[in-house]
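Dropping the structures in below, format is structure tokens.
Note that subunit A is present in both complexes that follow, paired respectively with subunit B and with subunit C.
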Partner chain A sequence: MKPESVKPKVAFFDFAGCEGDQLQVANMEEKILDLIEVVDVVNFREIMTERSEDYDIAFVEGSIATDHDAERLQGIRENASWVVALGSCAAIGGINSIRNSQPYDLVQDRVYGDDADKIEAWDVAKPIDAIVDVDGYVYGCPINQDEFVHVVESLLQGKDPNIPTYPVCVECKMNENVCVFARNPEKNAANIKAAVDNGSPAESGPFCLGPVTRAGCDSQCVNEGTTCWGCRGLVPNPNENAHQEVLEKYGLSVDEVINKFNLYFGWQQEELKNEQ
Partner chain B sequence: MSNNVNIDVEYLTRVEGHGNIKVNAANGKIEQCEWQVIETPRFFESMVVDHSFKELHHITSRICGICSIGHTLASLRATEDALDIDISRQDELLRKLVLHAENMQSHVLHVGYLALPDLMGTGSVLPLASSHPEELKTVIRLHRLSNEMSELIGGRTTHPQRLIPGGFSKIPTEEELVDLREKLKNSTNDLTACADLLAETADGFPNFERETEFISLTSDDGYALYDGIIASTDTGTYPVEDYLGVTNEYVVEQSTAKFARNNRQSYMVGALARLNNNYDQLAPMAKGVAERFGLKPVNHNPFMNNVAQLVEVVHNVRDSIKIIDTLLDEGLEPQDDYYEPEIDVKPGRGVGAVEVPRGILFHDYTYDENGICTAGNCVIPTNQNHANIQKDMEKMVPNVINMKPEDEIKLDLEMLVRAYDPCISCSAHHLDVEFVDD
Partner chain C sequence: MKAIGKAEFSNFVDELIADDPREVIGVQAKSNKFAFDPLKSAEDLRLDYDVTILPPKKYFMPQRETLVKYNTNEGEMTAVNEVIPRIIFGIHPYDLIAIQQMDKVFEETHSDENYLAKRRESVLVGVNMKNASEWSFAHTMGTATTDSGYDLMLTDIGDKYAVEIGSVKGSELLEEAKSQLDDVGMEEIEKVREFKEELPDKFRDDPEFDPFELPRLLSEYYGKDGFWEENAEDCLSCGTCNLVCPTCYCFDVKDVNDITLTEGERLRTWDGCMLEAFAQVAGDENFREEKAARYRHRYMRKGRYMYNKFGDIACVGCGRCSEQCVPDIADPVDVFNQMKEGTNGI
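Let's turn to the complex of A and B:
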């Protein structure tokens, strides 16, 4: 065990999110005891009363959607040597960004009705790197515990963490899953294409975001019998890195897949449009 | 003694989500006594609109990481109610099993990791690693067991994957269930050790009672968690469809979350409410733990919610063993890999009510003829408890304001809020209002 003084100080913070990623950390059970051998946890509101403004690594969960949250995040950035986005909401906007494409007055009205004027929130939910510089990302909804440990270890050793830049299809094929698009033979490629064209892919049978989604989850959801929902965000440069073989086989383009079945990509879509 | 009190707890710790406690008193006169909720709105009820019935449980699971299984189940039940989807008895038993797993996980986390430090005089569970290693390992073992169970049935501990409209995409094998049953049976010593630990320290809970109304599901078929009708200790029973007439959410200036009331100014939901309504249906071993703590219905001490959670953990374990016995006796009906039930889509509205760790949860969806959601509403347990927390504080503070030093009052109030195990970020209806300065 390192002497107290040289143990890096770690803090956890949360914004708009479900706190499921911090729960993944708490769910490490005995492994947490190993973790606190090498780092000092000085801020973790979900499990501890003590707080400190003196920390080296800040793990930030949740999206940013109010001025107050943005100011608080900037304060965290000033205090920390490293800021790490923990989970999809912080890293890519995630589920929170579903509403980004909905008209904000409608969004307010649906949830708050006559009280809508009392709400003070931005018209879009943003990932934390839209507000401050971010040094590392732990993707996923929820995060993967092994990847979390890997990112912590890499930071402590001064190395870049090894995060996949290829799509989920690669892992899925290694796991020898039946391709989601091929599960239902009577719903053939033409049906899938037609359903994508008329905007309700879920009606067509299983639809999968594996071809455009960043790997690193070991294709967990497909292994469990469902489909890739895109929780780890888009692969970098999707037009180059998407799994072309599957897309070609079913007559789909990258844009179609990204735009027609969208739970996690709301913010990333806008970024892509701005780049193009 | 504490004639002048200024308690300002910003971002209460060891709770899920963001809340503040503000108490001001000058010369013994209370000027402010408020439970304030300060969560950023997330707009789930808008997010679900325009999405398919196949996606809604995935989206609303993200309302809460700690009760993601409960949200998934309430969501599926609302969808299945709207679309008239029946599920098999086997799937219903498996769902009850995964709900037990989450209830157990959440309660062990709360009692063992979040509430216990108050009773042990520490700021978190971390110092217990060196001061009480055996006790902590016991808590960790139970927590891990519940997570293994969630993973085995739901495919993942947080945001489960296998639960889908009409059933499961994948089910466990009989061998896995036999193994799980063995582990559950072997947990008896750990459960007893936890009860011992809480019994040794429970006199640390403040002595407090306030008569209130308790609302939960109830069912003739057993201790209601997965299904039932709404029951109130004040006003009797209601069908689940009438939930809006029971929850009556309203806006208050001090809080960004809505409050709720039925028969009185407030009511309580959660483990204590369930136990108060359905005590007789607890497993015998669970009842034994309740008796050890003198917990019997109707109990009006909110701090006993911690004990009620422990009692429920024992019930979760015992009832899970019973469910696995039934599944194995009847033989597990196999299903194809990547199973997806055939569903005939039709327009309609449906309500799902499930007891999740923190209390009764309602999801309510309306679908069009293509199975696309046109409207959604979720009423979350913690929202239903906010008013009761406020009313407890209003009774508790005058009792102690001239009796205890400020630090002790502050700890009592923190422990009070923690006893409710609030899941503040869960709450789907939040209002971001300006607070009046102190």
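Let's turn to the complex of A and C:
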């Protein structure tokens, strides 16, 4: 065990999010004992009441949506040697960025009703790297505990964590899942034929965002018989157009495709557009 | 050639499951598809399958494999080679031919013990194809039948299986079914011959090329950038066409440490040349950055590079890539036909 004094101090902070990622850390059971062997946790609302402003590594959960959030985040950045985005809201905007494509008034009205005018928020939710420099990312909604351990371990060793840049399909194939697009060949064939003959599919088809979503979760949702919703965000260079064509070919309407892409990719899609 | 009644064959498999110390693997249904998996009962064995999602290479080169374990406190490093002896039932001829190609790669280049030990400890029981995937073009590639690569080879001849012996490993396995085995007469020999004669009709009839002209066609097309860009336009760089291919063997090696940095292991996992980071090297240089370059590379490997090095056309026509590519752009027949027709691209 390392002497007390050289252990880096770790703090957890949350912004707009559900704290589900911190809960994943709190639920690490015996692995959390290993964690506190190598770091001092000085700030972690989920498991302790003490507070400290003296820390080396800051794990930040949640998106940034107000001036006040942004100031607080900047303060954290000044205090910490390393800032790590914890979970999709912090890393990519995540679920919060669903609203980015909707009119702000409408969003405010829906969420706060009569109190809408008392709330002062930005019209878009942003990931933390839109505000400050970020040294590491733990993707996922919620995060995967093993990947969290890997990121911490890499930071402590001063090396880049090994986070996949390839899509979920890679893990899905390694797990030998039946692909979502192959689960119901008769329905798919009918849909594809209807799309060719009448210009639109017969009924809504299967969808999976695995081909454009960053792997690292071991394709867990497909393994369990559902589909990939894209919670880890887009791969660095997604071929979104090709995948939209695929989804439309299998029977999703253009609006349905946009809705699926907006669930987690709201902010990232804006970014990609701005780059182009 | 020997023959065994189907009921007796099932008993033989069940006895192996119950008594043989080796793991018994067989092709089984996996919802509406098929996969090689450990057998619990001979009932689950589906020797009438068309194609499996993954090829049997996963047993010799697992998706994830520990090569080394280390402990930094004690300065210890141990080489790991986890070998589970297996009897694998139901390998189609194209996969047997692919395994022989993989054997060359792992044996003749740097003698990869992790692969070779698993191969040595496996018994391969092939089966001639009763059904073929609608994507398969094995007949065109000359892989619909094989005279080698198996320890035993089964052919469904009605109420019996004809059994061909390919090796001592195979005949030793048969020892356990000795009392139920018959020598064959002309009737069985004829049936096997007929079975093989009917095979070509089960495959696609659209291939327009001969496999042995692929090295020349590919060399002509290497520099036609427009051709590759057009074909790769919808590529999602998902690597599926590599991962499901029985002749793709690329891997990545990485270290996984526990959080206290004392213990860890060096893993090798499947990789694929269609993935964006595959050809990325230190300094972030990527010598196949564009998807068209990666797409071209895969075809060069299948039809030209492997031939030049090992004498094998490294596409056995299983059709797995054709079927499983989500945007439906990975079909080798389509690309090879375009070359044969003289399509230039823009």
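Rule of thumb we're sticking to: the second predicted complex is superposed on the first by the 238 of 276 C-alpha atoms of A that agree within 3 Å, B and C clash if a C-alpha of one lies under 4 Å from a C-alpha of the other, contacts with A are read in each partner's own complex, and residues count from 1 in each chain.
By definition in this document, contacts are C-beta pairs under 8 Å (C-beta built on N, C-alpha and C of every residue); 3 or more make two chains touch, one makes a residue touch a chain.
All values derive from a computational prediction rather than experimental measurement.
Touched residues of subunit A, counted separately for subunit B and subunit C, are more numerous for B. Of the two partner chains placed by the overlay, subunit B and subunit C both lie in contact with A:Arg183.
In the superposed pair of complexes, A:Asp67 makes contact with neither subunit B nor subunit C. With both structures placed on the common chain, the touch criterion links A:Glu245 to subunit C but leaves subunit B unconnected. Of the two partner chains placed around the shared chain by superposition, subunit C is the only one that A:Val152 touches, whereas subunit B remains out of contact. In the superposed pair of complexes, A:Ile47 makes contact with subunit B only, with no contact to subunit C. Of the two partner chains placed by superposition, A:Asp123 touches none, neither subunit B nor subunit C. In the superposed model, A:Val170 lies in contact with subunit C only, and not with subunit B.
By the touch criterion stated above, A:Lys31 is placed in contact with subunit C alone, subunit B being left untouched. Shared contact residues on subunit A (touching subunit B in one structure, subunit C in the other): 178, 183-184. Interface of subunit A with subunit B (complex): residues 14-24, 26-27, 29-30, 33, 36, 41, 44-51, 62, 65-66, 68-69, 94-96, 98-99, 102, 106-108, 110-112, 115, 118-121, 125, 141-142, 178, 180, 183-184, 200, 202-203, 205-206, 220-221, 224-226, 229, 263. Partner subunit A is touched in their complex by these residues of subunit B: 11, 13-17, 39-47, 49-55, 58-59, 62-66, 68, 109, 113-114, 117, 123-126, 129, 137, 140, 143-144, 147, 155-159, 161-162, 164, 168-170, 251, 337-340, 345, 370-372, 375, 425-426, 428-429, 431-433. Within the complex formed with subunit A, the residues of subunit C that make contact are 30-33, 35, 53-54, 58, 63-64, 233-240, 243-244, 254, 256-261, 269-270, 272, 275-277, 291, 323-324, 326-327. Residues of subunit A touching subunit C in their complex: 31, 34-35, 37-38, 149-150, 152-153, 156-157, 162, 165-167, 169-170, 173-179, 181-185, 210-212, 235-239, 242-243, 245-246.
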